[in-house]
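Chain naming follows the written order as A, B, C, D, E and F, and within any one chain the residues start at number 1.
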């Protein structure tokens, strides 16, 4: 069988029409979905802000936005300077673990090593109750 | 069965002789073919030259062999200097598309960007009929 | 079947007990083996020393520990200086092959090339019997 | 001994070859020549071309040597074609290379990727009219999608005896995009249209890039589950890329994995063109229909873009419609070059890539749709 | 025409989906979310999570589309899971990445890798008690080894119908190590114990590194030959690494080879969770037992370390016991972090890695033992 | 419980091992030792040696564990050996690494690659004389080609039960090239001959490099179509390399692809030497014949070079004949070293590599010829 006869016999017109319709349906749906995506994401992010669920953000208040130099200073006293914002935030005395956690959170490089050197250099000194303080 | 008897029974002598003959045939043929290859290639390339089919080569006359610096100059006026051979070849006025094509052919880096900057810098100016000219 | 009944019926207790025993056996054996490994290796290496099988070590006496510069000198006379320890070791006259072998053993870079240049520069000269000598 | 010798000679290719093998070997050499000298899609044409040469060295059947003989090495390598494995793996790699951000920035362009698939369905009618059976017709039609792996995948499922000619037609025309598309593009557009500039796409956030492959998998594959082996892999590969945390996996997917699949797919598809199964009227018909399919696909994309321009304010450069076929990145490049030919300062490439990648999605859906039609 | 349309619609995923598919797709999204946002083992969770999504797009069975249907692409990709090939290949790659030198420096730590395997055998009892058949119980028990490939390997051999839930449980808990282990570690140790420092490991000679994989292969596999497909490959890979002369092979094993296996293993294991075979009470039981297994394993390691401390002079930090499970390097990292939480200057990582890698060996032996028990 | 324990013990390798396993494990250790300490072909000997060790851990048959048991992991990995897939893939990678330019510069050297194949056919006679069946004899003879993958390929097709011993013999002697060849080289050449210098090869144009793989495929495979699975892949790989436009494919072929095949081929060939199928008189005969084959091959190449020198003006250094065997690059290096031993300023390496690569072609043709003889 050939020609229109074959097309009709094999249900060709339906297949072609239904086929292209489905392809369009799929891509139109996807196109619509992604055009809404940006808005949905913005909505979602604003929701967080509006309902005040941004506890994590608050937690970092005062230390966020610390700018660390590209090259960490070799000299421990210079390095200590970069730790000042953290000391301020932690108050007069604090456990080393808190300092460690905070410096991790703020992406300080090699926090454990630096903290060890701060102790060795007597910049951090124990206050007796397991906590430490900044040696002024 | 062992020994010569086995070899004879299994047609061993023929296999060995025919076998090594075929291996030699193959490699001798290949060896001969590649020894002729160089000559054939030369012949082919000369044919092009002799029959004058080297239109493409002629087309580039005057611009071929332009030496571009390793680092393209930042300054657009310096860059314009490097475009001079192309302007010369294109004549007084020319469509931008020709300039683009020519600079591609001569491996100018980022031709579209540079052409845009040449226009912005008024080094290329429109002459009214859709063509452009080098602002002297 | 559930509970203890199922465990008993399926021989569960035995499997658990035999199972963990075998795991421990395996890792204890491996742990013991590797704790002995270091000693066995030391013993083995000392055996070599004690029985005097260290011919290869002797062979290099006098040349071992030659410190070669990171960048091989361009100048062939400078390079010749670096070959002096080898000339010394080889004595008054020697076949080039021995010099080549020795320089390979001592990780001289490109020995064949250098030896060729030493000959060209008349630093190595033939003594007539196929051997060569350092031209003083 | 002379028996052995005569016997051996009568099994050599020199003895067994006839004019059909010579034709096919010449075809293979042309493929390889176009790839090397003209730089037409060398990643596709070199493996296929060399495969055609190797596959058309005649040999005595029964040794277990040919691609169609059980237990031969080539048969096992061809397994990945026959089952559709290689196309799926290529889609995995493709996903891990594709940057959908220009598509996300202008989702409207996705419609052009749908429009270009009309070529597929027109060709379906044509193939039926030429007397092909429905499953064959569907396999031939998919050539209009301009997507090699998709064509091979669908043909492997519906009409495995046609893999050779359909794959060769699909890849030939993909390589010939710089020859086929420009005249059609010029025919259906005015100079003014070709000069239309598209605004720079907006920045796309990482979250959008992350959510896209998941949403796309769900929307497309819920609609046409038969597209899963292609689109599931494509979007999985893309997720590996955008997620950031598994860069080493994405890196392997876009190098070793896709390269290995590309080498073996191309080579064995080339080999599958053994003269005795390939050179016949049917193959000729397929090549003819393939050219028709490509041309209609190109034209459909362009015309649809012009229709869209009647309804939207920010006009689309209708050349972009031509890149709705999924020949990545060949047709996008062609559109870009034609745009620059008219105005060297007009950059259409990013926009064309957006159409191109929606073309890939569109033709995979079309393949799924055709597959399920044939299974009804 | 409306027939065709209706027919097509009735084969779409939209039509075929029920609540179970929705549940599983949400689970897949959670996996992917944890991997991307929380960075929990992204190398595992991303392929699995995306696989869950793709595998739970419903489709009409009979097309040869699903992972459980013969001749489908996914079926062939799943072959490597069903036969245990992927786990073996992952172990080859793992071996070529693992540095056993800290283990060689302190062989005593190997006992902790044995002790943590108690979780496996306790869970065996639990699973039997819950009414699972012996082969099922053994497969569930191995989750306690905290080793994904090992779990998949044993389950493929003993109870292939459970590969989905067991693999998902094993990988979920491996990803949740930072959630599961710390409370148990704190519960069973005092602060003083957590502060114990370990001396720096001694230098290990190249000869020791070279001989170790051979000796380990012989000792472990002569004891449990059924562990060969895992340990034979692990130590072979390690030998490629340490031998030095075949760095190019080791390099390929630790990049292309393991990455490819990781992608395909994760993705197809994810796909194998098709809602209709996955969502049932049995899977629930498996998840419950898996959590128990992990907890017991962690506790056993810690308690055994404390017992060891009663007998040896140089005390071991009992946190190290928790890294006797073979979740590499997750549990080692957790131990290290807890150690540093107590004393930021205490480095436990290298020691924990030693336990971790003996945990891998231990759980592979345990798998071999369970396999041979079931074959008796 | 004691039942279970006794049962387990009776399945351990300790219980099942006999002296033959010990012998083979020692052999494996020797391979590994030679590779690491003496640097003899570590890329081959390390995978094989470790494979021998792993393959000779005795185990209870029936678990689906061993390389010869259906459904075992090792069985699936061995599939690539049994079908000839790995050798073909190795040849693909080899092609993508081989630089044929020195061969193109001096095509005459190709004859030495043919001459060295005489070892194959002499050994065929020897093996028949020792009572081997024709197909076995042909498989043994190919050892004389000094080409591991070719030997495995032919044996897989003709005498699969001999893959183990033949592969081990071939690879052993390839590794022992620095021991076997030099005395023969010295025996058949005078010092004066060894001092002959070869002129520097001429520059070869890119076009020659491009056309060579196509011409070579056609000439060799039309003559011996049975060589297609090896030579077709070799020259395809080489074309990927020289074509320039598909460098990423060539790069993958010469790294990930060949490395993966090398690892799996070596390891499983090693494993196939399970003591019970390997240790017997036949294997001994094969080893004896292998040594003869190698020696004759080396001598034939040298003598043929001397004969050629009678007829040509520009004398060839007859040492080059020894590199007509296809042990790449082992024998080329040996020739070069002996040349330099006589005269440290004589560079034979490039010329020896030309012979070496024609040896590869020659032995693949020989394999094809033997295969078709056996199928007559």
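Observations
Here is the rule we use: a contact is a pair of C-beta atoms (placed from the backbone, for glycine too) under 8 Å apart; a residue touches a chain by one contact, two chains touch by 3 or more.
What you see is a predicted model; the values in this text were computed from it and never measured.
Chains that touch both subunit D and subunit E are the following: A, F.
Listed by label, the chains that touch subunit B and also subunit C are F. Distance from the subunit B centre to the subunit E centre is 54 Å, each centre being the mean of its Cα atoms.
Distance between chain centres (mean CA atoms), subunit A to subunit D: 39 Å. Measuring from the averaged C-alpha position of subunit A to that of subunit C gives a distance of 50 Å. Counting only residues that touch two or more partner chains, subunit E has 4, 8, 223-224, 255-256, 369, 373. Within subunit C, the positions touching two or more other chains are listed as 13, 15, 17-18, 22.
Shown are all chain pairs that touch, namely A-D, A-E, B-D, B-F, C-E, C-F, D-E, D-F, E-F.
Taken together, the subunit D residues at the contact with subunit B in this complex read 1, 3-5, 8, 340-345, 347. Every residue of subunit A that touches subunit D in the complex is listed here, in rising order: 1-4, 6-7, 10, 12-13, 15-20, 22-35, 37-38, 41.
Of all residues in subunit B, only 11, 13-15, 17-18, 22, 96-97, 99-101, 111-112, 115-116, 119 touch subunit D in the complex they form. The touching residues of subunit F, when paired with subunit D in their complex, are 83-85, 88, 92, 157, 210, 214, 217-218, 221-226, 228-229, 232, 235-236, 239-240, 243-246, 248-249, 251-253, 255-257, 369, 371-373, 375-376. Only residues 103-104, 107-108, 110-111, 113-114, 117-118, 120-122, 124-125, 128-131, 134, 137, 205, 207-208, 211-212, 215-216, 219-220, 223-224, 358, 361-362, 365-366, 369-370, 373 of subunit F touch subunit B when the two sit together in their complex.
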